[in-house]
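The data blocks that follow each hold one structure.
Consider the two complexes below, in which subunit A is the common component and subunit B and subunit C are the respective partners.
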Partner chain A sequence: MTNHWVDIRNANLILSMGGNSAEAHPVGFRWVMEAKEKNDARLISVDPRFTRTGAVSDFHAEIRTGTDIAFLGGLINFLIETDQFHHEYVREYTDASLIVREDFGFDDGLFTGFDAESGSYDTETWHYEHDEDGFARRDETLQHPRCVFQLMRAHFSRYTLDVVQSVCGTPRHKIERVWNMIAETVVPDKTMTILYALGWTQHSIGSQIIRTAAIVQLLLGNMGMLGGGVNALRGHSNIQGLTDLGLLSNLLPGYMQLAGSEEQDYQEYIAERARAPLVPDEVSYWRNYERFHVSLMKAWFGEAATEENDWCYDWLPKLSVNLYDVLHTFERMSQGEVNGYFCQGFNPLAAFPHKEKVTASLSNLKYLVVMDPLSTETAEFWKNRGELHDVDPSEIQTEVFRLPTTCFAEENGTIVNSARWLQWHWGAAPPPGEAKPDVEIIAGLFHRLQAMYREEGGPFPDPILNLTWPYRRPEEPRPEELAREYNGWALEDVYDENQNLICGRGEQVGDFGTLRADGSTACGCWLFAGCWTEDGNQMARRDNSDPYGIGMTLGWAWAWPANRRILYNRAGARPDGTPWAPNKALVWWNGSRWVGADVPDFPVTSPPSAGLGPFIMNQTGRGQLFARERMVEGPFPEHYEPFETPVANNALHPNNPLSKHNPAARVFEQDRENFGTLEEYPYAATTYRLTEHFHYWTMHARLNAIMQPEKFIEIGETLANELGIEKGDRVRVSSKRGHVDAVAVVTKRIRPLQMGDRTIHQIGIPIHWGYLGETKKAQLTNALTPFVGDANTQTPEFKSFLVRVDKL
Partner chain B sequence: MTLRVTRRQFFKLGAAGMATSSMAMMGFAPEPAVASIRHFKLTAAKITRNNCTYCSVGCGVLLYSRGDASINNVDDIFHIEGDPDHPVSRGSLCPKGAGLLDFVKSRSRLSHPMVREPGTDEWKRISWPEALDRISRHMKDDRDANFVGQDEQGNTVNHWVTTGFLAASASSNETAYLTHKVVRSLGMLAFDNQARV
Partner chain C sequence: MRGDQINLQNITARSATSPPSPQVRDGGVERVTKLIDVSRCIGCKACQVACSEWNDLRDDVGECVGVYDNPVDLSPNSWEVMRFNEYEDEQGNLEWLIRKDNCMHCAEPGCLEACPAPGAIVQYANGIVDFNSEHCIGCGYCVAGCPFDIPRISKKDSKAYKCTLCSDRVFHGLEPACVKSCPTGSIMFGTREDMHELAQSRTEYLHGRGFENAGIYDPEGVGGTHVIYVLQHADKPEIYNGLPNDPRISPLVDAWKGVTKPLASVAIGLAALTGFFHYATQGPKEVPKEEYDEVEDAETHEEDRT
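Here is the complex of A and B:
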């Protein structure tokens, strides 16, 4: 979230799209109700299903799954053409005025540089035009035909009401109503917040849906504002923390990146990331990349990391492909290219698409290690469960280890919620039997490997032999020690530019500004610097006072970065440093510094007259309407159909087969053959969660099993009538890849969509229930889902695919 | 935002068909009623602050456990409820959080390391040292056989991609940090967590 849970109460309009927070984030959703009750806010729900969020909304609009870019692209066109965008904000705080290269273009669904053979783009032209000093050219009047504003306007001009209706299937009057309600928040004293979740990410165009939302919020001046923002309501309790700590194939802690195999030179690696401003004098905070990187290397490799060896640059693995994401890894596993796999608190058999492929892949492993507090389907993938999971154990040669771990109630530590709050918790009881904390298991494996490399040798043992291990009991590192390490400390006295001592040797650093690129500081995650300072554990703070009465409890826990609760909050004030509106005051310039209810997201002594842009992480200092080369399928979002779609072609490019689906998506050969056709599988399906269950975990909790005991699917009344299905009937839902049997819930909540002369039906399929635990046994929903991901992140397309439904 | 009701209204509401106990869980209890329940049922409990580890709202929870720290005594959690001081949840829990105790105490909780030998159809209990010895042996053998120092173009890559690791999004930052540190020191790249799923 750019903003935070309690801040939702400051919104005047809440757009819930790509999420159903009433059901999936119920307690957070109480702040939506608070906004409605106390702030006279209105709630809009746009969803394929009439959900519990829809049920308490002021307005609900149904939409075909996977068409959100069309809906929001139409909104962008509407806001521009009816002149309902925030002129001053757009001019001053976004890159609207920057001029794009002359050779950049877009034609029939494809941006310049597309190579059909490899299915990828050469992004050379996706850049601003530079002047002699390397800065982007600008036109503050926004009239230049190649300024970002005019290009954006032309790009979205195709998204007319008629086109949007024909793509989304939403009735015209509903689209217009939603657009009008949203446009009302263009005034400075009204803000809209956007709440989304996996309903936006789990598409082959997921990242671009979110980009479209960000453009809308920039046009309306809602970023950095109280009650504004683009708010990802993340799925799991610490998925934010794991992302922040970089537990992804290509990342390092704090959103730093591993080098690609071509990046053999350390200085070039740093220069590529420590990017200089593209507009004169802007902050471009990533300029400090090397400080964060060297501090990380010092935290991991200690004395072994020196300037002479480029701080152990070659000790980190380099990437031969962009991502070794889970789809890529399971594809390789299915080809027999992976021998070992660890699942730490993760149940891929249930959680990854195309379960049959996942089963076959796991069967190719030599060894599988599952670390979990609970019994999972993955750990028992070799067990025959009849028609629920039909395998032959004697043919599966995988050696499987299942290691019992503690759960949250049995250990100390932090988790990071959606609002970026690091909250410390304490264990209350020992785990069952011999279960151990994950940290001890990792330590146990690591020490054994270290001993083997010491005794037997082996390829490149240096990082293993030299990894720092500054823990009092090496076999049981304590969470407190690990938290102090990712906060970071000074290895030498650290001075500021005026030679004042700011952090003594051995002291915890107070913030990431203290970190140095000369090896004098160690820090495991620069973004978390400040969470455990010389004043102790800031994440354990419990002062819930709210001095400004706007829900800003800065003394409760600790938020990254720097305990800031609303990102980009400088944009919440006018260019002259005064709040946009009295009821939206958040941070402001008091004549000598930035002050207010939040920690300013800005150099605190930089006066408004200096004119620095508020988006200090960007090279332009501005919100990016134009993504440049940062998105693989283009600098502007474009609607592409899901890989399994209930329509014959992409209404925006009916004659170009290359732009029917996301042109830059990665599809493996075998998976392309496993896509179903509209003729065989005529209905659009989407998966979702229920309020009573959390994925496959609560199948094991009795109370939740009692509340929702049995697998069901949702089907609209019209279609059910056509198929002769009555409520309570057992049905089989099938895709090209598999089937699940479930009870049919026949409902008014899913309406058929009228698109031209066609009627499109959608089926709702909860992801829950499996064949372990306390609930009634069922097949896993991911037997159905397609093996294709978002082109940028490779998040699987769980939200849009094709099925058929048969009565059993 | 907690509903303020008197004790009398509270029981009336209860009589109107909504179970009072679940109302208390949802944070709709009048203070005196809650106070009296706590006083009698939970006076001997140790209260520990924690957070719900289902969704990302991060509601505050209080774990009530018994056990006096004496040598033959094992602490046991017997009740979990919302933390009223928490600025987001203010004592509330949703139906998922309200069932947390049944997760902690689930019959599916694992208690001992197990192994399933190739081609067999059963779990076999093993000791921790044996489990960790065998797993680390597999890792060493696979890394030794498949570690890539230089790729075909002669670039130094120092990676190991024939063993992969999925990390858990409900584990703590501290677990995640140590996991990352160790995984990268081995040169692993096929490393991910639920953020991509």
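Here is the complex of A and C:
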């Protein structure tokens, strides 16, 4: 979330799209209800189904799954052409005025630089035009034909109401109603918050859907504002912490990056990331990259990391492919290129697409280690379950080790919530049986590996032998010790530029501004610096005082970065430093510094007259309407059809097969033959979860099983009538990859979509239930889903595919 | 609210009992009310889980019958269930109306009126209607006496069960478990006066949101209830899964009382009881002899009829 849960109550309009916030986040949803009641806010739900969110929304609009870019792209066009965008905000706080290179272009769905053979882009042309000093050229009048604003306007001019209707299937009057309601928040004293979740991320165009939403919010001046923002409601407890700590294959903690294999030179690695401003004098905060990187290396390798050895840069793995995401790993496993797999807090057989392929891949392993508090389908992938999971154990040689772990309630620690808050929690019960914390299991593995390297030698032992392990009981690192390490401490006395001592040797650093690139500080995750200072564990704070009465409780727990609750909050004030509107006052300039209800996201003594942009992490200091080379399929979002789509072609590019689907999506050649066609599988399907369950865990809990005991699918009344299916009938849903049997919930809440002379039906398929636990037994939903991922994040396209439905 | 509302001196009505209830204590007990604002409910079932947890109830793992409702009905082990209703108005506007269904704690409770077992059903000064299972004989008259179809007889012990409004929690100054668990503030609890004031403001809010017929459900036919709803369409309570428009205690309850107490006319009694004992599925265990015979007769009639 750019904002936070409680702040939702400050919104005047809540757009729940790409997620079913009431269903999946019922507790956080209380703030939506508060906004409606205390702030007279309206709630819009845009969803293929009329959901639990729809039940309490002020307006609901149905949409075809996977067409959100068209819906929002049309909105962008509408806002610009009806002059309902925030002129001052757009001019001052976005890159609208920056001029793009002359050779950049877009033609029939493809940006310049596309290589059809590799399915990727050369992004050389996706940049601003630079002046002789290396800064982007600008036209503050926004009239230059190649300024970002004009290019964006031209790009989205194709998204007319007619086009949007024909792509999304949403009735025209509903599209217009939603657009008009949203446009009303362009005034300074009204804000819209956008709540989204996996309904946006789990598409082959997922990242670009979110980009489109960000453009909308920038045009309306809703970023950095009280009750505004683009807010990801995270799908798992601590999935936010997972990404913060760099547990994706291409990341280091704090969103620093692993180098590619071509980046063997340390200085070049740093220079590429410690980027200089593209507009004179801007902050471009990532300029400090080396401070964070060196501090991380000191935390990892201690005295072994020195300036002379480039802080152990050569010890870091270098990526030979862009990233080793799960799709990639299972693809390699299916090819027999992976022979061992540690599966920690992950149940890929149930949670990953194309179960048949995952089963075959796991069967290729020599060994599989599963660390989990529960018995998982993955750990028993080799077991025959009849028609629920039909495998031949005699053909599977994989050796499976099951290591029971504690669950969150059995250990101290912290979970980062969607709002970036780290809230310390204390174990409530001892773990059962032989269950151990994950940290202890990993520590045991590490010590054994290290001993083997020490005693028997082996290739490249340095990073293992020199890993810092400063824990009092080496076999049982404590969560408190890890938290202190993530915060970081001074290895030498640290002074500021005026030679004032700001952190004595051995002391916990107070913030990431203290970190140094000279080896005098160690920090396990720069973003978490400040979470455990000399004043103790800041995450354990429980002061809920709210001095401004706007839900800003800075004394409750701790939020990254720097305990800041609303990102980009400088943009919540006018260029002159006064709030855009009295009811939206968040931070402001008091004549000598930035102050207010939040920790300012800005150099606190930089006066408005200096004119720095509020988006300090960006090289431009501005919100990026133009993503440059940072998105792999293009600097502007474009609608592409899901890889399995119920329409014959992409209405925006009917004659270009290359731009029917995302041209840069993650898809492996052999998976293409597993995509079904419209003729065989005529209905669009989408998957989701229900309030009563959490993925595949709560099937093991009796009360959850009672509340929702048996697998069902949802089907609209019209289609059910056509197929002769009645409520409660058992049906089989099939895709090209497999089938599931379930009870039919026949509902008015899924309406057929009229698209030209075609009627499109959508099928809803909850992800829950399997063949373990307390619920009625069923096949796993991911027997159906396709093995294709988003072009940027590789997140699988769980939300849009094709099925057929047969009555059993 | 005070914590001493529920004790034996604060019982104001007691089933099948002639001596008057205790009257010495002087005031101090306010009537309580649970307010269920249907317009705020997202149907998450947190209240159902909280109810099961607090009351140590575990129903069977059932099955899906083609709707979100589960368990599909009230049972001796499920004292409340969410009822999901898809409602389309004349203009084709769709609403998903989700009503939490549980005991209404009537001011004039039909169950208590009907109950022949002394002290098996009591009403406290704060308005809560509670089943004292120790005295329950499992006759099922309460089922027939309830205009909301709430009590259920257990096959395990042949006793009737229903929501207690967490009388044990309220005794200790706590709100009912369902109220505590509700994430959207759809369920609220307080004095009758406060809850009516809140319900009124919620109704006005809904009027402002285009729900012209929003209103409070607090039916007069049972003397008002200590569980009240705010409905978006108070003019059509039946669209909320058959919430009765004008619930009243079945006249047969009075007839039955008229018959059994003085034991006047067996003929009239039988005629009335044929209808009345429709719900009485379990045989009584400790019914006085004369009542026992009549119940048997009635059940025989019932069997004949089906």
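Going forward, the second predicted complex is superposed on the first by the 808 of 808 C-alpha atoms of A that agree within 3 Å, B and C clash if a C-alpha of one lies under 4 Å from a C-alpha of the other, contacts with A are read in each partner's own complex, and residues count from 1 in each chain.
Assume contacts are C-beta pairs under 8 Å (C-beta built on N, C-alpha and C of every residue); 3 or more make two chains touch, one makes a residue touch a chain.
Since the model is a prediction, treat every value here as computed from it, not as a measurement.
J.: For A:Arg30, decide between first (touching subunit B), second (touching subunit C), both and neither.
T.: Both subunit B and subunit C are touched by A:Arg30.
J.: Could you say whether A:Val743 touches subunit B, subunit C, both of them, or neither, answering first, second, both or neither?
T.: second
J.: Using the superposition on chain A described above, determine whether A:Thr691 touches subunit B (first), subunit C (second), both, or neither.
T.: both
J.: Who wins on subunit A residues touched, subunit B or subunit C?
T.: Counted on subunit A, the partner with more touching residues turns out to be B.
J.: Looking at A:Pro479, would you say it contacts subunit B, subunit C, both, or neither? Reply first, second, both or neither.
T.: first
J.: Touching A:Met707, do we find subunit B (first), subunit C (second), both, or neither?
T.: In the superposition, A:Met707 touches subunit B and subunit C alike.
J.: Please indicate which partner A:Trp382 is in contact with in the superposed arrangement: first for subunit B, second for subunit C, both, or neither.
T.: First partner only.
J.: Give me the intersection of subunit A's contacts with subunit B and its contacts with subunit C, in residue numbers.
T.: Residues 26-27, 30, 691-692, 702-704, 707, 774, which sit in both footprints.
J.: Which bits of subunit B are touching subunit A when the two form their complex?
T.: 1, 46, 48-60, 63, 65, 67, 74-77, 80, 85-89, 92-104, 106-121, 123, 128, 131-140, 142-144, 146-147, 149, 151, 153, 155-182, 184-197
J.: For subunit A, which residues are in contact with subunit C within the complex?
T.: 22-23, 26-27, 29-30, 33, 37, 50, 52-56, 58, 60, 691-692, 702-712, 726-729, 743-749, 774-776
J.: For subunit C, which residues are in contact with subunit A within the complex?
T.: Subunit C residues touching subunit A: 39-46, 48-49, 52-53, 58-68, 70-71, 86, 88, 94-98, 183-185, 205, 209.
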